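A, B and C are the chain letters, set down in written order, and residue numbers restart from 1 in every chain.
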């Protein structure tokens, strides 16, 4: 094999694909196993991925599992109160160590042969090993784990820049929500038989909101650039008075390896004050927010995590590739840590908006993939309302190469 | 890679397979993904494929979907009363445009971003596209669509000869059934985990009828060449008096790219007059047929469509490849357009014969595929009663190369 | 292609895998389709595989099917009382000939076209074949079939040494159980989504018994080398007095192509006399065993068949590869042929121990495979209690090459 071959399309099929700027991606990006394997390496396993929330780790020994692709990780509060993450793979013969998706333990005991690991991952007991076996070399393998305002992120990439440093500029904008003192009220996973990029391309544009999401469109001005422009000045004024950061932060296409982020406030239609069926509050105010009003924040942290922050609850998405044409859309609903179900909020009311919207998206995305799989698919031009999808595609192409 | 390699077995594995004339095909024809991909191109996507019946398109805007392989097509009655067929793929980002399998619409509106297409496929409305976007270039992609005596066919091949011209010789033989004035009384799909060629090889011989289809064999003389020969002269005389075309038409192996067809009358055992549980009529006579008697017509149109035309109903088969070892057997039962369910026919009685026969074939074909997948499979010699299967294999081999 | 290529890792990926002696196997052995295909050829299809028991073939024409990988075989008692095995593939067009998993027939009649085969496999009737067709060339294909003390084995390998000759040394040890006069009381299949080698590696060590199988561990001293050593002398003395062979036989790693075997007696904890929930008898004594006591025999015959022989019943395992990560664990429970369900034994009590143990193993093995599939899996060192697993790995590596 010569050098030309080595760098050619055979090894890197995405290089031979003729993408037309401003258009959707060629079909192979959504259908090729080789492209998918590359996506995992260059996007999912290189960046910071939202893993969970500190409220899920209330005490020493509290842990939860995170599945990424076919990998499983343990995130745990260790004895020194540090939150750590480990590959959920026993160092003996490779069994998964934790089977339950969350819980509280004093040590991690492998269910196969009972090798036991401390909460900091060190092998602390095993039986009948030969002379000369040194347990120091057999601790659970670690992955990076950092916390941003209560949100726990992990990365398989030892060289990724620190999460906190990357997010420093945008930190003040999130501060008012005080997510560190929030709590997971509900989580759900929607699995769609489509490539992960189609799920993000869908999430990143509101061109489809008016035709496909009447529930969302009744409430959020993002569905109409004209309305958004018209209603924003008054909203920003109100937001500013309530203490919100009203400037936008946009680092959604980082070229230097730092973690992507985005923050922008958008108006809700009167008289909606949150994302709910009737537009009325569904939970107590988050953090130090003094009152309703001030619109909603649309945010991004990292390449596959997005959020919608209302005054009374926050919705976090993680788009997680599971196979070439299979993606989990994991959603978490956060409320104030003192909010009590039944007394302060009703779970069905809290989750209604993004359950109905995600159900609709699941159908949309599936039918998008089906059409992309056709020999008659030809990537068409994107509208002005799909600017962020275009930007995602451009960023993706720069990363994948 | 030299020219020899290019044309060698690596690129065209079917060339390296050693087929013994008069025998079943080597296993790879039923198991290889490369052969299957070739089959789609050279057979399914090159020929005319039965799509539906004009009775399913009663008014302007009436449409139905056809799935072929992983493709989806829309067949619609346009505003000018022409029946047209389109790839069911939006020209924007590729979503399927129609999701319901049939219906009536004023325009095709993509459920994703509401791009709207006229019934003739032209893009007529879309929002927020950049300056200079020319909708003329973004109509739904068309495939060929022609009608033969009320039967709608589509072809993905722009160069296939006209259906009507190809079928001109056989048209008079079908005329007595007046299928244009028939109606779909029932349709059903039987999915079998086997290669599509095994389903056609099964359909094309009656060597298995006596052992495997007692219901069919009680009624149809095709199960016994001796009986068929003995009873045919009297049947043909009666058929001639009733106005049937009694000569056979056989163009089932066209070498010039024209559409295959076949027509032959076969006797039913006395006192059966149609293909039903008790041999008695199950619906009003079709077309201009004056009375019962005159046997049954066994027909073929195109490479994957076959029919059995009784005096009171017609049964149409489409064998549709879905994967290397997955095939849909789509069946349609046609009755006179004025026949009313409950009054003129009972659906269960109408469909009994070919439901029970197809259920049996589904089991047979599945077990055939299972055996073919064995390392002990060796293609055996075909009997005299499998002449048409042998012909199908020979034709297939000439087309595939 | 030069010689280097021929012997290189591309053709034989297992050669490029860096196995560390004394450790678990590299992941590719449990994940690679190429390794799996090789495993079938060099292990499953080269050796003797347990197929069933003579009690399942009580009369001439009695047969049962055996599925191996994607192959199906018929094992039948022929007219001359010989037990024979055939590929379950019709010589005509390849259909499976027998569809029911067991039964009694006078001949094998293919359900497709009614080709009929004698019980010795000869084609004896078929219809409408062309002149010159010689049925002598179209009998069912045979595979080897031999019987050892009532246990029927088949082999796809015409050159494998005779089963009986290979097993001659160990035959006296099994004789006391008189399995020829036993009877299948129950059989069950546990399918686990894991590579077959993980199922055998699991079965061959009792390092996991104490942590993972409390039911087994309460009864069997194998779970503790210390207890096993301590209790064995008294047990062997008692066993000897009862007439058991007390020496061990160990040919579990044959290098000459002969069939592997193993036999060793191990103690049960007092007061257990058999492998049951309360340790008390669950069936009448087998063969010529005079009384309870004398521990339990752990045995192996062939590469994928293992057994646990208690005084009152025997449990036989067959670990059968179905796909790279799919294995059937087939279990058979044997009792004395005169034992009658309801009167002499209760099926639920008889099967309890190995049902509960196998259910637990199914979970264990699945989670082992999941961890092995991780990029963080690194084969760890095996303990002293996993000696037989280490030996299996070493033997496997010597065979696969």
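Here is the rule we go by: a contact is a pair of C-beta atoms (placed from the backbone, for glycine too) under 8 Å apart; a residue touches a chain by one contact, two chains touch by 3 or more.
Just so it is clear, the structure is predicted and the values come from calculations on it, not from any experiment.
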item: Connected chain clusters in the absence of chain A; value: one piece
item: Angle of the C-alpha superposing rotation, chain B to chain C, to the nearest 5 degrees; value: 120
item: Interface sides of chain A and chain C: same vs different residues, half threshold; value: different
item: Chain A and chain C, separation of their C-alpha mean positions in angstrom; value: 47
item: Chain C, residues touching no fewer than two other chains; value: none
item: Complex contacts: residues of chain C adjacent to chain A; value: 22, 24, 27, 201, 207-208, 210-212, 225, 363-364, 367-368, 370-385
item: In the complex, chain A residues that touch chain C; value: 70-72, 87-97, 99, 109, 111-114, 126-130, 133, 138, 141
